[in-house]
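Naming follows writing order (A, B, C and D), and every chain is counted from residue 1.
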Amino acid sequence: MKITKQQAEDYLLQMYQIRAFEEQAEKSYMAGKIHGTMHLSIGMEASAVGSISTLEPTDFIIGHHRGHGLTIAKGADLNLMMAEFYGKANGYCRGRGGSMHIADVEGGNLGANGVVAGGIPMAVGVGIGLKMQKEGRVLLAFFGDGAASAGAFHESMILAVLFQVPVVFICENNQYAMSFRTSDWADSAKIAEFGKLYGMPGTSTNGNNLLEVREAVQKAVEHARAGNGPSLVVNDTYRWRGHSKSDRNRYRTQEEIDEWKEKDPIVRFTEVVLKEKLLTEEEIEKIREQGYADIEAARAFAEASPEPEVATLLEGVYAP
Amino acid sequence: MREITYLEAIREAMTQEMERDERVFMIGEDIGEYGGAFQVSYGMLEQFGPERILDVPITELALTGAAVGAALIGMRPIAEIMFMDFTTLASEQLVNQAAKLRFMFGGKATVPMVLRTPSGSGTGAAEHHSQSLENWFTHIPGLKVVQPSTPYDAKGLLVSSIRDNNAVVFVEHKLLYKTKGPVPEELYTIPLGQADIKREGKDLTIIATAVMVQRSLQAAEELAKEGIDVEVVDPRTLRPLDKDTLINSVKKTGKVLIVHEAVKTSGIGGEFAAVIAESEAFGYLEAPIMRLAGEEIPIPYNRMLEYHAVPQVENIIEKARDLAQLKV
Amino acid sequence: MKITKQQAEDYLLQMYQIRAFEEQAEKSYMAGKIHGTMHLSIGMEASAVGSISTLEPTDFIIGHHRGHGLTIAKGADLNLMMAEFYGKANGYCRGRGGSMHIADVEGGNLGANGVVAGGIPMAVGVGIGLKMQKEGRVLLAFFGDGAASAGAFHESMILAVLFQVPVVFICENNQYAMSFRTSDWADSAKIAEFGKLYGMPGTSTNGNNLLEVREAVQKAVEHARAGNGPSLVVNDTYRWRGHSKSDRNRYRTQEEIDEWKEKDPIVRFTEVVLKEKLLTEEEIEKIREQGYADIEAARAFAEASPEPEVATLLEGVYAP
Amino acid sequence: MREITYLEAIREAMTQEMERDERVFMIGEDIGEYGGAFQVSYGMLEQFGPERILDVPITELALTGAAVGAALIGMRPIAEIMFMDFTTLASEQLVNQAAKLRFMFGGKATVPMVLRTPSGSGTGAAEHHSQSLENWFTHIPGLKVVQPSTPYDAKGLLVSSIRDNNAVVFVEHKLLYKTKGPVPEELYTIPLGQADIKREGKDLTIIATAVMVQRSLQAAEELAKEGIDVEVVDPRTLRPLDKDTLINSVKKTGKVLIVHEAVKTSGIGGEFAAVIAESEAFGYLEAPIMRLAGEEIPIPYNRMLEYHAVPQVENIIEKARDLAQLKV
């Protein structure tokens, strides 16, 4: 799959922004600036960017708890995003949602979700709505490998096929649900098989290979947009960090982590764009710097932003 | 005015709203050809087609979530859960998603949906098809909970629920489906959060919900013969609750009996009692606040056992009479 | 699969008892003697008897709402069963459960269940317990085709395989979940495929052929008893009557019903036993009469039985 | 006496019961190597092996149902739901099956199981990981609901819950996990259904649950300095409720403030209020029955918003002071 120089720049910048965001999030957390928890997607950047790069701006995504990367790939304002991570009044959710719930409904991001598999049933409904609205829009619905064992997954896949919704279900299989080794019941290929058995195209990709992810999702998006219904794409990947702030990594070995670090999706992508002569070493380095600078600016913005006023506490529960 | 049943009133509300607003659609199990387990949507598939009457296999969680998702992008789904007992399977999407998305996203999302479901006993359907779980949902900020007791209220409240920009749990009662009453043919709304005094009286207030409103009205007629003048208040919407109407009635009568079908412990009656006991009505109370509600058992199969598991007219009469006569 | 004369007699008697029970249930209901609803399994007798005939008396079954046949096949006392159907004090559940909840925990029948798919998660736990108890007992867990779309099915299958429980999951696919045509998302073969994908043997049978059902379930029971874990057997069958008392059959044609009546599992079985010379026409007729007589006796017993006393209403919620 | 944390007390109760009774086992997500999301079962996999510490993927409904099924044939499972918010996914098996099987089968089945789950806010985990839904389960006949506030109570009540022949919902509080207190090393039980007066007083009764017991005790110390003598009653078991202890305390003090973290509307406080208002304590009341509870919002992320979403010590002091001074 060929991409242009502009695309290479865009995708690389987003991956660096994600990497930088996650590193900053971790730092801010360690520095005691964040109250709560977070789920970092370092190592999974290609899945987010490769998948979402296939969308038009008017399309939708719906995410999961490990949603920073998805949010950035959907084009979030990094300042508002970091402000939300800090729980600030001008964050995307006015400080109400935090890391696990960043959303931008107007911008087509229907939100991260604290309930594993919580977004999957909603995705079916978004698909039903999109079909009724007949504007040719599609949805990418992300969830983890852990979510695939939830009953919500099964019911939703059945409905998705029944109503032929314009949804691409994307399972980001990072091998573990917290400490549970998902291969104890299904690996990526098997999860894709489930898709087929439900009656939709099912594929698994090397989720650390941006172009491979992009190709698979692109196909599924076209399929959906053409009115041919849902697909399931499983991106095989890995999270470098622990499950959340409180993880002691008891359930996996350092060797395994190191092996996956060797498959860094950013490094892999830079190798390709270098080989294809889309970008030079210098250009790549500039993009990297840009990504980190953007996040540094976002951090400064967030830290300078105001806390929500307690007087507003009860606002926003009900729509008028 | 023309009389139709509670069931027909609900169907009419949905039909007229679907004619008026193409964003409204239905999703549920056996709501199409079958017409719904209670025939509420009978005929709607013919009128609106399978694009707007979405018949689904057994998928309580996903069908509810599908309503949430569609609502999130501007549709106005009506989900049907065949029996309220099965909202236990749907509650994740209702409670964690539908109720919370708006607040969680900083007030920037809207989830205009209705989840309709029939509650209650009296049909011999036993433990798994007879529960009244409305109080679960009144505990959840972000949800509204409506429970109509007459055909007129059913239509007006359902229209309001469909037009409301929030997630509304609309609790129907199986024994009311076939009851008749006057209902205007045209569309009208009854505001959510507004109680209705179904009968005025001065000696004693009965606050009752759903089928217990009808039973309380019958009880009130009997008690009137004994010279006890009962006021019957129907909250109609349980969340938000029209506290003022409840409180004012109790201030007027000085005595209150709360009647509902759901199990007494931790039922909505506790909330009513607490609202009164912490309000200015407290000073007007001439007797303890009494509750009459479902026994502390699942609903049994046997007809007589089932009958005695929840308040009946004679129980209401007796309890209200005792209370009217009570002097503290 | 060969059976003895004794077996032929037993199975045929049970099938006739089921048929007679259902017909009596319907009559009693029509006569206004029953308050509530019921779900009749006329046409599905071979699935119940063929499956449960493979068990030892110490084994377990767990059922679903359409459970009369299963209960009889597990050897229920017909009087106590009919008394329960009538809601009488001496019924299996003392009149508390009725048609949809007949159980006999001591007799290894863990009960019919009013919640579609409600028994499937419990089945996993029974299997876990049986494994821990190490007495070599197994469980047959019955559910309908409708239950297979429920999230509970998916989650339970995953756990069943993970813990290698001694459970045979038996999907009685009678083609419809109320009015929903299950083939709109899966036929029997496909449901069996799901079993395989979860990691257990999956087969589908002609559920109206007692011996075929028996053979498939027998194999699965041996597999379970040998410690090799769960299996899924899908019995393809049909209910002649409506879903419940209130069904108007709008969703299917009379032709379809008639076609399936041609495949009457009892007729099919009598043909086989005649052909194999296990039973004569006369013997068959005597068994039939016996079956109907047993049910007539049960009816008389039930009608003569006392109603539960209202004074006992609050009993039996909590165990001491 | 040795002091250990609430978390350790829970682990110890489970460990000692598993040593004593081989029918007891655990099932839950990440309870093995990971040690549970809050490390409650840390080390138990090593001790008991994967045959008795059953680690499962995301399957809230099935893991709960698995506990029900195992209990039905005589095992004594302890299921863990990682956050109480996710009991919304498990409630079908808990409410329709575990709670009802015995009654439904004519008193002939027994479901001895415990479902443990942490509730509450204060950790910055936001809307989906902070709910307090205990009142849902107190509404269900057939379930028992326990909510300990100290390490001592946690151990004794959990042992009783494991040995109880019914389905017990054991609600832990995240903020209490690290709190310390004296706990005997040996096994002991605290009967279910028995409230505990955590502090005697004569001016005012505070009925509080879970973390609010600790906050109320702190508030009581402050109020004592002002000459207000507060009695703090901890029901410990919410179902069955020890009504007598609540009623007697109110009869003694004449005033009652109910404090819980769960959302006020339709929270357990309504049940407490109603129990008092319909009892003989009514005649002893010198002031309205007051409730102080969670705001009518989901739990927000921001630390200060989260703080203000539920009662804090200062709110309790203020409300109790007002009530103490109130004359009707």
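Please note the rule applied: a contact is a pair of C-beta atoms (placed from the backbone, for glycine too) under 8 Å apart; a residue touches a chain by one contact, two chains touch by 3 or more.
Note that the structure is a prediction, hence the values are computed from the model and not measured.
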item	value
Pair joined by more contacting C-beta pairs (A-B or B-C)	A-B
Distance-maximising chain from chain D - centres being C-alpha averages	C
Centre distance in Å when chain B and chain D are each reduced to the mean of their C-alpha atoms	29
Separation of chain A from chain B, taking each centre as the mean of its C-alpha atoms, in whole Å	40
Distance between the centres, which are taken as Cα means, of chain C and chain A, whole angstrom	46
Computed distance of Cα centres, chain C from chain B, in Å	36
Sites on chain D at which at least two other chains make contact	56-57, 59-62, 85-86, 89, 92, 96, 103-104, 126-128, 141-142, 295-298, 300
Residues of chain C whose C-beta touches two or more other chains	93, 95-97, 101, 113-115, 118, 149-152, 155, 158, 162, 184-185, 317
Chain B residues touching chain A - in the complex, by the definition given at the top	23, 25, 27, 51, 54, 56-57, 59-75, 77, 92-93, 96-97, 101-112, 141-142, 144, 165-166
Of all residues in chain A, those that touch chain C in their complex	149-155, 158, 161-162, 184-185, 190, 193-194, 197-199
Partner chain C, residues of chain B touching it in the complex	29-30, 32-35, 37, 55-62, 85-86, 89, 123-129, 295-298, 300-306, 308-309
Chain A residues touching chain B - in the complex, by the definition given at the top	60, 62, 91-97, 101, 103-106, 110-111, 113-115, 118, 120-130, 132-133, 151-152, 155-156, 158-159, 162-163, 315-320
Chain B contact footprint on chain D (complex, rising order)	61, 85-86, 88-89, 91-92, 94-96, 99-100, 103-104, 126-128, 133, 135-136, 138-142, 239, 241, 262-263, 265-274, 276-279, 282-283, 285, 287-291, 295-298, 300, 328
